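Paired with chain B in one complex and with chain C in the other, chain A is shared by the two complexes that follow.
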Partner chain A sequence: MEKDPSLSFTPHPLPSRSRWLGLLQIGLLPFGAVSAALIVGAFLIALTGTDPLFSYQKMWEGIAKSNYQIGLVLVKATPLMIIGLGLGFVFNTGVFNIGAEGQLYMGALFGTAIGIQDWGLPAWLHISLSLFGGFIGGGLWGLLPGYLKGRHNINEVITTILLNYIAIYIVSYFTHGPLRDNPFAEAALPQTPEVQASSQLPLIWPPTRLHAGFLLGLGLALILYLVTYRMAFGYKARAVGSSPAAAYYAGMNTTWITIIVMVVSGGLAGMAGTVEILGVQHRLRDMFSPGLGYSAIAIALMGNNHPVGIILASLLFGALQVGANNMQALAGVPVTIVDVIQATVIFFVAVSAMVRLYPPFGTLFLHKRKTNG
Partner chain B sequence: MPASLLEMRKIVKTFGSLRANDQVDFEVQAGEIHALLGENGAGKTTLMNILYGLYQPDAGEIYWKGEQITLHSPRDAIRYRIGMIHQHLMLVPNFTILENILVGLPSPREPLLPVQDTLIRLKDFAAQYGLPIDPTIKVRQLPLGLQQRVEILKALFRGADLLILDEPTAVLSPLEVEEFFAVLKNLVGKGVSIIFISHKLDEVLRISDRITVLREGKRVGTMETRHATQQILAEMMVGRAVTLDYNFPKGRATCPILELKGVSLIRQKVGRVLKDVTLTLHSGEILGIAGIDGNGQEELADVVCGLIPITEGEILLEGQPILNPTPQKMKEAGFGYIPADRQRVGLVKNFSIAHNLVLKNLDDPPYNAHGFLRERIVRLNAQRIIQEFDIRATSLEQPVGELSGGNQQKVILGRELQLAKRLLVAVHPTRGLDVGATDSVHRFLYAQKEKGVGILLISADLDELLAMSDRIAVLFRGEIMGSVPGEIESLQIISRMMLGERMEAIA
Partner chain C sequence: MKEFIWLPFLVSLLAAGVRLATPLLFAALGGITNELSGVLNIGLEGMMIAGSFGAYIGALLSGSEWGGALGGMLAGGFLGLLFALLSITCRADQVVLGTGLNIFALGLSSFFFRSMYKAGISQFVPSFKLWNIPLLSDVPLIGEIFFRQVPLVYLAYILIPFFTFLLYKTTWGLKLRCCGEHPRAAETVGVNVIKTRYIALILSGMLAGLGGTFLSLGQISAFTEGLVSGRGFIALAAIIFGRWKPLNVALACLLFGVADALQLRLQGFGLPIRYEFLLMFPYLLTLITFVVFVNRGDSPASLGKPYPEK
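Our next item is the complex of A and B:
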């Protein structure tokens, strides 16, 4: 009847296996998700009467045929990477910021507003000011839901989604009104004037389109890695995410931590918006983002909220996008089908990541639900 | 011997390396209230989940009304007229009582629901079982006690000869418990048999006809309630003589460290949790707090450690009032806190042992330099504590969630005893631990007392309190009923205070 006391001290045998399994899943799930999306895509392409294999060959050529194409992949990956880094940071804290799209727009607005000013500043200063402005714009758009969540526990998913619409329409107002380029011209587009040359991000790998924003993204990844895994703040933020009750008990200011990570996450999305303007588009257009802030959610999930994973995931998404454009141009696959394939990738990636990160969510789909005893 | 309504024979159920049920025999006679008694983790709920078809046993047989049956899911159990009321009620709050009951019923006119017919039948039925209610009221408007009655009504209406009640009184106030027991007696009168799962001795003694005790997954024994006493049952539950054989000398208290003066706590939706609590804790003293679970003990601990602000009263530390206490402030004042829920509150399960050991010191030197965590010092600290507290783990980096309960508790002890320079609050510090781990926790607590630290020991285990405490105060519905010396002679008076008698009234 009496249990041997030493027996109960042996560590649980499961963990090593589950850790191994976890690593395998981190590697395999995205691979499986992309494969699944490509298979679905192949059927869709076949339905339009085009040869799927030929189309995918064009897709691959679009990604890796030349340095120019590779540069394009990196350019496409840059904003996704920067937004994804911020989202990974905030997801670690258990706050589900869906508002990156709106934060991106607000950041782009602030950054552009500074970038178009002719202040005669040196490039390094003008660029820094614009990027800082972008961070502030996005950060403010993260502060509001962060405060509501941290202080009053108001669901951030709802507030951030609603704020997305507000931000997009605010930008719409400015591009149609106060910041409109050449407003009296006959066919004026809803867009701002070009940003000053002094605020445009320099190209770093001519003749490709690759600009300095990519290096900025890599630098931010390093900083976020250090903050999350080396600094006390990162430990606190992750403690709040995985065990809020324990974090509070341990004396952490969970309200502040929630607000700060939301501001940083929003700020990075805003900075990404500015980078996209200063590095690629050079003017802020109405509805300029093709849902970058939403794609970045899938990227953060796919990258397991880890900076290295996020860099890899954003490169993959950049490649898919550039490849898909090439497939459209050279294989004649309709643009709508290309969009569907991209959305399918995001769908599969998001589902696979949710299954991995949030087991209760996964068990809903994969296993018979267990009632706890 | 009359044929049993239910017989479970040699039931075995394992989860990983844990044998939750080990060759358990259990039988219920028609028309009896059979209590299933045991500590948390003794395997009561597992056994009942097997009976309700939620788990499949690894071995063993179930006989129902004389026939062997196999239960694949609750649907099978319901078909055999077995009903289960879970500890956490499973009603849809925004549905009316009628709608909640309709949801699980087959309809004679699918896909339509027989709303009117059921309403009439339900009213008759409820009155017949002495559960008069208006079925058109929304469930969320009902107090918990009535919601529970709706659950019972739902099970009976579907047809049940046997009702399994999993810790049904846990959500009830004492007054509701009285009414609830009357309902149970009435049900038995109508021919329903009841399995009553509980770890509360007094309730079991009052309501049941027979008692089966489980311990560590095994059946210890079954007896008729009229032959049972608290003493016998307690020994069967914990498996050792009620007096622990410690020889901890009871120290004389020196100077007061912590004083609570007229502390009250009112929580939203719950009401008054602590009422006019006045206590003094001296350095080098262990003050035990006894009471039946849920009488304000855990809130008292949270209040002292700054997790919940008090509504009224004063908390004094060495004579100085503490204004706006926070967990951070209390930590800095030299308070350690071993919380009741070690997995959810005490630890961050996916952090390593080393990082859990510095969870409260992430911002403090020497672990923090310019915002960065100094991993080398964090590891050195962990090595020292792992050695000192004999924590068994594969490495410093092992996530704490992978450790056994005893080792998890030692991680918390290792962290909190360092912080507890003046005062330690320990809530159920040995709950769920085996004998060896319990023993070492007790020794660590005692060593801390000898260093002059005051200890507030909150426990539901009277033996532990009697063995460790210099004084024991008893909480009942958030009020202190009185305090007595921590001696075995106090047992009688403590038990009576736990049931709500004031010390003045007893003495």
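Our next item is the complex of A and C:
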């Protein structure tokens, strides 16, 4: 099949020259990206007439002032981590899934539909079933673009983004219609009933809000690390990302690999949506996600698609989110500054990924080279 | 039951379809230009968002809708320049960059908007008024559909033949398309690939910004978050559906515009279909046409590849 050049996306190259230099580069990258992003943020805050130092001070206080706040950081980091792990997995294969938002919604829908059932199950079983349902819901939403990409080489970027809008309307339908809590009440909100106590994730660090979903995220990170770096499938998936043609001629079934990684990544996003419902919100609400699926793209890129990097990046963004809420309350800086910071991180990582490909100076000025020189 | 009158319904449906297709068309014309030059611009959505906000600010500062249009084009053009700098000069991956650009525009516009109106009540700005074209607007049916619109719609009519000519009949257009097909060959015959792609991206940003302007000043005379909501991606699908030819792309935009107009009208009919499914309809239609038409294989050969290659 003819390959359309617009359909491939360059995943991060693995560090090549020396292991230590590679690790240094991987370590420096997030540091530089976040510093650059915070400087851009400070500039914007100053532009709106607020003192950036005062604002950042409020942000820091919001993160570190108590155990409760630290628990909140971990709570915010949890769905980002789980989605980010799936995205890192799929990005390694060179497939750019930006449909995590829709997969999150579909997963939350499936997970909640199971979570609200009064089946009298023990907690471990009810939680497992709900999480499994979330994985299936998100996985199905990843299966379609994965199949189209793997079998027919149809650009996953456009299909996944359109599926995001469709998923959000599907959830909107269910929260307004069939799953609505008490639809006859005068001012019923578009939300489902509360999930059963048996399907709520237990709190693991009272009195903070930290729930068992965080441990699930860490466990998933370990599993994905083993699959990606210690198993044949992970090796194949990364080979497809490095060079689809080489992988194909080496006899790898690139179609199946693409479909499987998309299903896993969608499934993890769906599981993250379920974790957010079972652990924090306890009800599925219309438009419940503030763009978690998009934030997780920045996290996967910043974490260099590596589980450890993704854990650290999600903790950082969880902290930014909690800090930004405090900053909005006390310094009047709109919380959407976090989106700008995330986008700046994406820019920085996208640029430095290319610079790292061609050390030491990148190709910033390559096009000025004279052809006769 | 009152008899349903088909003709006025169809006329008003098509007139609304033309209106809703216009922002898509501006963005799509920009997208055609940068894609033919070999740059894949997923950030069209972000450029539209920036345009809708820039237009709001422009209209607020100048007190005129035309000042708003200028603001929208400047904001979009600025993002085009940023995209060019990062994708062409710094060689960043275009798909990743485009996604970042969308988040950037969404975050930045809402950050500034919320900073301006902390109480949550925003100010209305001057918007485009209907211009009935003399004579033409009196033609039955056609006049009502095409010639009783806001001025930006007429600008869109003019831009369709203009871009067909510019991209397919001029030397500059030939050079631009050569950059998208085989940049090395273009460079060999003396075309400055880098410069051409920069111009294409800035032009594309300005046009997408004009599309955003239409959303904030052609339809509602205010800015709201979520005003663009995926129209940039629908425009991308329209480009592929229309095979990079401005007239065909315009017809594709019209199809999506009419689909949008249809779902808006059906919502008022009390049909036994839930409105969430009607709202979903334009995205679903876009997805289906995209999947059916995407792989015909006549996209610019070097689309999405940085240049020089190594």
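Everything below uses one rule, namely that the second predicted complex is superposed on the first by the 305 of 373 C-alpha atoms of A that agree within 3 Å, B and C clash if a C-alpha of one lies under 4 Å from a C-alpha of the other, contacts with A are read in each partner's own complex, and residues count from 1 in each chain.
Everything below uses one rule, namely that a contact is a pair of C-beta atoms (placed from the backbone, for glycine too) under 8 Å apart; a residue touches a chain by one contact, two chains touch by 3 or more.
Predicted model only: the values in this text are computed from it and were never measured.
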First, second, both or neither for A:113, with chain B first and chain C second: neither
Touching partner for A:249 - first (chain B), second (chain C), both, neither: first
Chain B versus chain C as contact partner of A:230, first or second or both or neither: first
Contact breadth on chain A, by residue count: chain C or chain B: C
Contacts of A:154 with chain B and chain C, given as first, second, both or neither: second
On chain A, the residue positions that both chain B and chain C contact, one per complex: 2, 5-6, 8-10
Sites on chain A touched by chain B in the complex: 1-3, 5-6, 8-16, 226, 230-233, 235-236, 238-239, 242-243, 245-253, 371, 373
Interface residues, chain B side, partner chain A - complex: 16-17, 20, 45-46, 49, 54-55, 216, 218, 239, 307, 326-328, 331, 337, 339, 341, 344-351, 355, 359-360, 362-363, 367-368, 371-373, 392-394, 398-399, 402-407, 434-437, 439
Parts of chain C lying in touch with chain A, wherever the complex brings them together: 40, 42, 86, 89-93, 95-97, 99-101, 103-104, 106-108, 110-112, 114-115, 118, 194, 229-230, 233, 236-237, 274, 276-277, 279-280, 283-284, 286-287, 290-291, 294-295, 297, 299, 301-308, 310
Partner chain C, residues of chain A touching it in the complex: 2, 4-6, 8-10, 44, 48, 50, 96, 98, 148, 152-155, 157-159, 161-163, 165-166, 169-170, 172-173, 176-177, 291, 294, 297-298, 301, 332-334, 336-344, 346-347, 349-351, 353-355, 358, 362-364, 366-367
